[in-house]
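First up is the structure itself, then whatever we jot down about it.
Letters A, B, C and D mark the chains in the order given here, with residues in each chain numbered from 1 onward.
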Amino acid sequence: MAKQKSVIITCAPTGGIHTPTMSEHLPITPSEIAQASIEAAEAGASIIHLHARDPETGKPDPDPDLFMEFLPRIKQATDAVMNVSTGGGLGMTREERLRAATRASPEMASMNIGSMNFGIFPMKDKYSNWKHAWEPEFLDMTRDFIFRNTFADIEYCIKELGQGHGTRFEFECYDLGHLYNLAWILDQGWIEGPIFVQMVFGILGGVGADLDNLMHMHTIANKLFGDDYEWSVLAAGRHQIPFTTQSGLLGGNVRVGMEDSLYIGPGEKAISSAQQVTKIRTIIENLGLTVATPAEARQRLGLKGGDQVAF
Amino acid sequence: MAKQKSVIITCAPTGGIHTPTMSEHLPITPSEIAQASIEAAEAGASIIHLHARDPETGKPDPDPDLFMEFLPRIKQATDAVMNVSTGGGLGMTREERLRAATRASPEMASMNIGSMNFGIFPMKDKYSNWKHAWEPEFLDMTRDFIFRNTFADIEYCIKELGQGHGTRFEFECYDLGHLYNLAWILDQGWIEGPIFVQMVFGILGGVGADLDNLMHMHTIANKLFGDDYEWSVLAAGRHQIPFTTQSGLLGGNVRVGMEDSLYIGPGEKAISSAQQVTKIRTIIENLGLTVATPAEARQRLGLKGGDQVAF
Amino acid sequence: MAKQKSVIITCAPTGGIHTPTMSEHLPITPSEIAQASIEAAEAGASIIHLHARDPETGKPDPDPDLFMEFLPRIKQATDAVMNVSTGGGLGMTREERLRAATRASPEMASMNIGSMNFGIFPMKDKYSNWKHAWEPEFLDMTRDFIFRNTFADIEYCIKELGQGHGTRFEFECYDLGHLYNLAWILDQGWIEGPIFVQMVFGILGGVGADLDNLMHMHTIANKLFGDDYEWSVLAAGRHQIPFTTQSGLLGGNVRVGMEDSLYIGPGEKAISSAQQVTKIRTIIENLGLTVATPAEARQRLGLKGGDQVAF
Amino acid sequence: MAKQKSVIITCAPTGGIHTPTMSEHLPITPSEIAQASIEAAEAGASIIHLHARDPETGKPDPDPDLFMEFLPRIKQATDAVMNVSTGGGLGMTREERLRAATRASPEMASMNIGSMNFGIFPMKDKYSNWKHAWEPEFLDMTRDFIFRNTFADIEYCIKELGQGHGTRFEFECYDLGHLYNLAWILDQGWIEGPIFVQMVFGILGGVGADLDNLMHMHTIANKLFGDDYEWSVLAAGRHQIPFTTQSGLLGGNVRVGMEDSLYIGPGEKAISSAQQVTKIRTIIENLGLTVATPAEARQRLGLKGGDQVAF
């Protein structure tokens, strides 16, 4: 048996999809985001995937100043890798989506590598008594929305961040075809390995949350990327823990956090992302696996180092 | 053993992707398109999937008058089902894409059920000495292009054509996630079964041409749609005959034609779409299967009948 | 989402494969076997799969008197279902293998449904300083050994126990083809559903311990048995916990115990089967699933009841 | 795209399973077997897999003298590779099964690498008016029959033929676990690559005739044997042409012949094995593939050459 690598836990504490009404535990302010990130790192996450929100309304906000309020605080308190999202909130322009990352020059940034419908409007019917007027509008808008990532967009972003800042990417694959996009991108020579593939399950518009899809995408990724890649899994809502467990069983890494699920068990809201980190860590360790340290994550993903960032 | 159903052959003689420089055998004028369709029907195709082109330049053209030049001629000469594309040429608006179908009120129309990058720009490098200036521009444009089909677009088109005209759909699935979109659409109650799923392999931006993907999408379609669906396969270029053979082996139907491939064998250009129909028919019959008649196709797909169209 | 059923944990505390030299914690005497079974039931196992051993030498022994020393004691101390193996020790005759079960008339008995090479001789090279002379001979013998279960044998055993005693079966499937044997047996009408399929991974001569095999056998079992079956997984040695976790993720049940593995973690010997029960139970519960009670197991497997046995 | 290799067609004209009553076209006498083999080679088979039968009764017969009546005649008339079965007829001893091969010292011999139930008794009910009394008895006997190939048997046969005669093997895999047996055999160093794996589908006792099983066994073979192996497929009865077509689609080789199927189409008896060779050849060539010559087969399988045999 090949020596099993340790499992890299990424935590995404807030994201740009869930809205304040959905959970009182969703971090909103820079201070809450910093706090949630630090707790997640202490629980075992070696990478923190970050979005910002307007502190008043909780709306996803691309303003780099907001990121600069929490990035240094998390860096000071933990050794975790900071990963700045370029997915933004739905509806942001390409330039808005890049602003925080080009300002922070982080070790990692997320990169979406295909266009797709991104339908979160069905969530609107599950809630009422909205805290903010923008929430139902934001969800409803996705009925006629495309998450835009053309090949030209991807080239621009990769060159700006990757070649420009030495940032490496969490390549988010929401569908099987996105793996082929990534293979094509690799063929262009814009990036070098090791690559880090984040497979995403359960978003309407992308691939559904069936474990057979995870198995199949893993099989295809093996064909396309051979031995020189790292991969991870996230799944929406109640699929979070089963799908990340499946990834661990297959030698992959995991992502949890309240960006992806507001729950900690069937019908039970999570009080923090750290709680989800602890849960998947318990399973990983009972499977006889170990959790990666930030140093191991940096080494395996070929990151430039926490001292090479602009915060 | 359950009685094997016959295999429905769809032929798409011209499409909106290949350009005149790529093959001298690509039908351009209404007369050429009619001729190619009639030959394909005589060779065994029971459904003809149709696009129109500007007779002068060969550019994909949504003008309903062009469709009305060939639709009646094909109807007169064959018993085949006429299927009017709503995919259009890349870059057409939703209204342009629907114009021919709403005018013709056909038995079938194609329906795309997800947004995606649709990258045919790599073909540009394989040709030179373009017959028309628009050709390389058209291909190149797809570098920054999204094939737009939001959930709102799909709702609009399905209601306009399906509920408005009694037209049934060839649901084109370019990626695994599109199957889930279709399952969601079915849940909305906008259409009734039997549905007809066309799986598409080998377009950059969609799912790659690996037979494992075909097997997997078939497995997932079985889970999502149970027994009440018909499915078919098309694959780009040299994958056309192997992938359609695979579909036949699994109980599915097939689509060939010069919209999907300009070739008849390794390195050998096809002189007609009928030639491709004959090739897949030969394989199907050697496998012990039979080819469906137009009457069988109409019955299995629940079509309204060739006498209910507006041409 | 269909309501997830609870997970039935079977525990096999001693078996007929491992030998006393391999672990000082392997239960040998009726008293040790009773003790190990009771602890396993208290930890969460609702079914106990039982073999007997010669109390002096630890050699697998089909003597019903040995079984009758521990069966009543386990029954008295727990509510667990007693499952009497008919696999025996390697080399026993068909009649020897049935003796304990026909004497005890248990709620369940294991049933092997295919012949195969059963090669445990490679274990011989991992040990020395044997406690008993029979141990290396026993292992070595399997180089030229067939685990015999012809269709005629299976018919005899099923009719003897099933129709004769109302005992239901744990159908052990060591290879993909055994699922087809079971489908054929069902077609004969010798048994009625619900059936209980135990998939076994990692024995030389049977299917290897690759999670893809588990996924595939589950897919095929779904095709062959539809909705009217229960299934479970066991895997040899270090594969025990990952494979049973995989089963839980897919809606299946699990079997652990020192018959299947002497380990509790990488390189770490288990001190009891109960320890393994606790480990898989921890994972199951962290996945948001629950563990079945004996009453639930009886209901789902259609068992005759603990008051209908002959001990 | 990697250059697709040509497809090696093996033909097995008579075998040891079907009986004379089942088809008047089944070759029985050495002369008929020679004739059928020569026709198959002329139709495109590059390997002929051979059994002998008693010329009077048609019963499978291990007598080397019978083999020596047809082997030289086929060799003289064709360039095909001669492959002498060691599977024998059901019920022969290991020594009987080896006698013809050790006498002929052929380039290839079949080798079974696992024990299993081999149930052909269900065929008994499909026929009546038996030509010979042995036929129904022979079929019925398999109800309590194991096709015996222990690890010790396999070692003996491989060393006798492989190391002793330079004969290479067609490793017949009737179940998924047999691939693991073969991997274990390779690990012992008894043979060298390239190996030739023959996957067999549709025998009761082995793996069922579902194309998903073929896909899965191919996936597992790729994992176990990497790039250094050749593989082929045969399937029983009506599955013959679909399963061999599937193999061709996946880059594998094929086996046809009346040992495996007495049919040429649904409900239609074959009049010769050559007819089946022609049918699969037609499909292969329509798929854009080519058929291997005997010289190509010898080169790819590493055979010693037709001049190194004892006939």
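Worth pointing out:
FYI, a residue touches a chain if its C-beta (ideal position, glycine included) is under 8 Å from a C-beta of that chain, and two chains touch if they have at least 3 such contacts.
Labels paired with UniProt names: A, B, C, D = 3-keto-5-aminohexanoate cleavage enzyme.
Keep in mind it's a predicted model, so treat the numbers as computed, not measured.
Among the remaining chains, B is positioned farthest from chain C, on the basis of C-alpha centroids. Distance from the chain B centre to the chain D centre is 42 Å, each centre being the mean of its Cα atoms. Centre to centre, using the average C-alpha position, chain A and chain D are separated by 53 Å. Between chain A and chain B, the centres computed from C-alpha atoms are 36 Å apart. Touching two or more other chains at once are residues 212, 219 of chain B. Chain pairs that touch, as defined above: A-B, A-C, B-D, C-D. Listed in rising order, the residues of chain B touching chain A in the complex are 114-117, 119, 121, 143-146, 148-153, 174-177, 179-181, 183-184, 204-208, 210, 212-213, 216, 219-220, 223. Listed in rising order, the residues of chain A touching chain C in the complex are 1, 211-212, 215, 238, 241-242, 245-246, 249-250, 265-266, 279, 282-283, 286-288.
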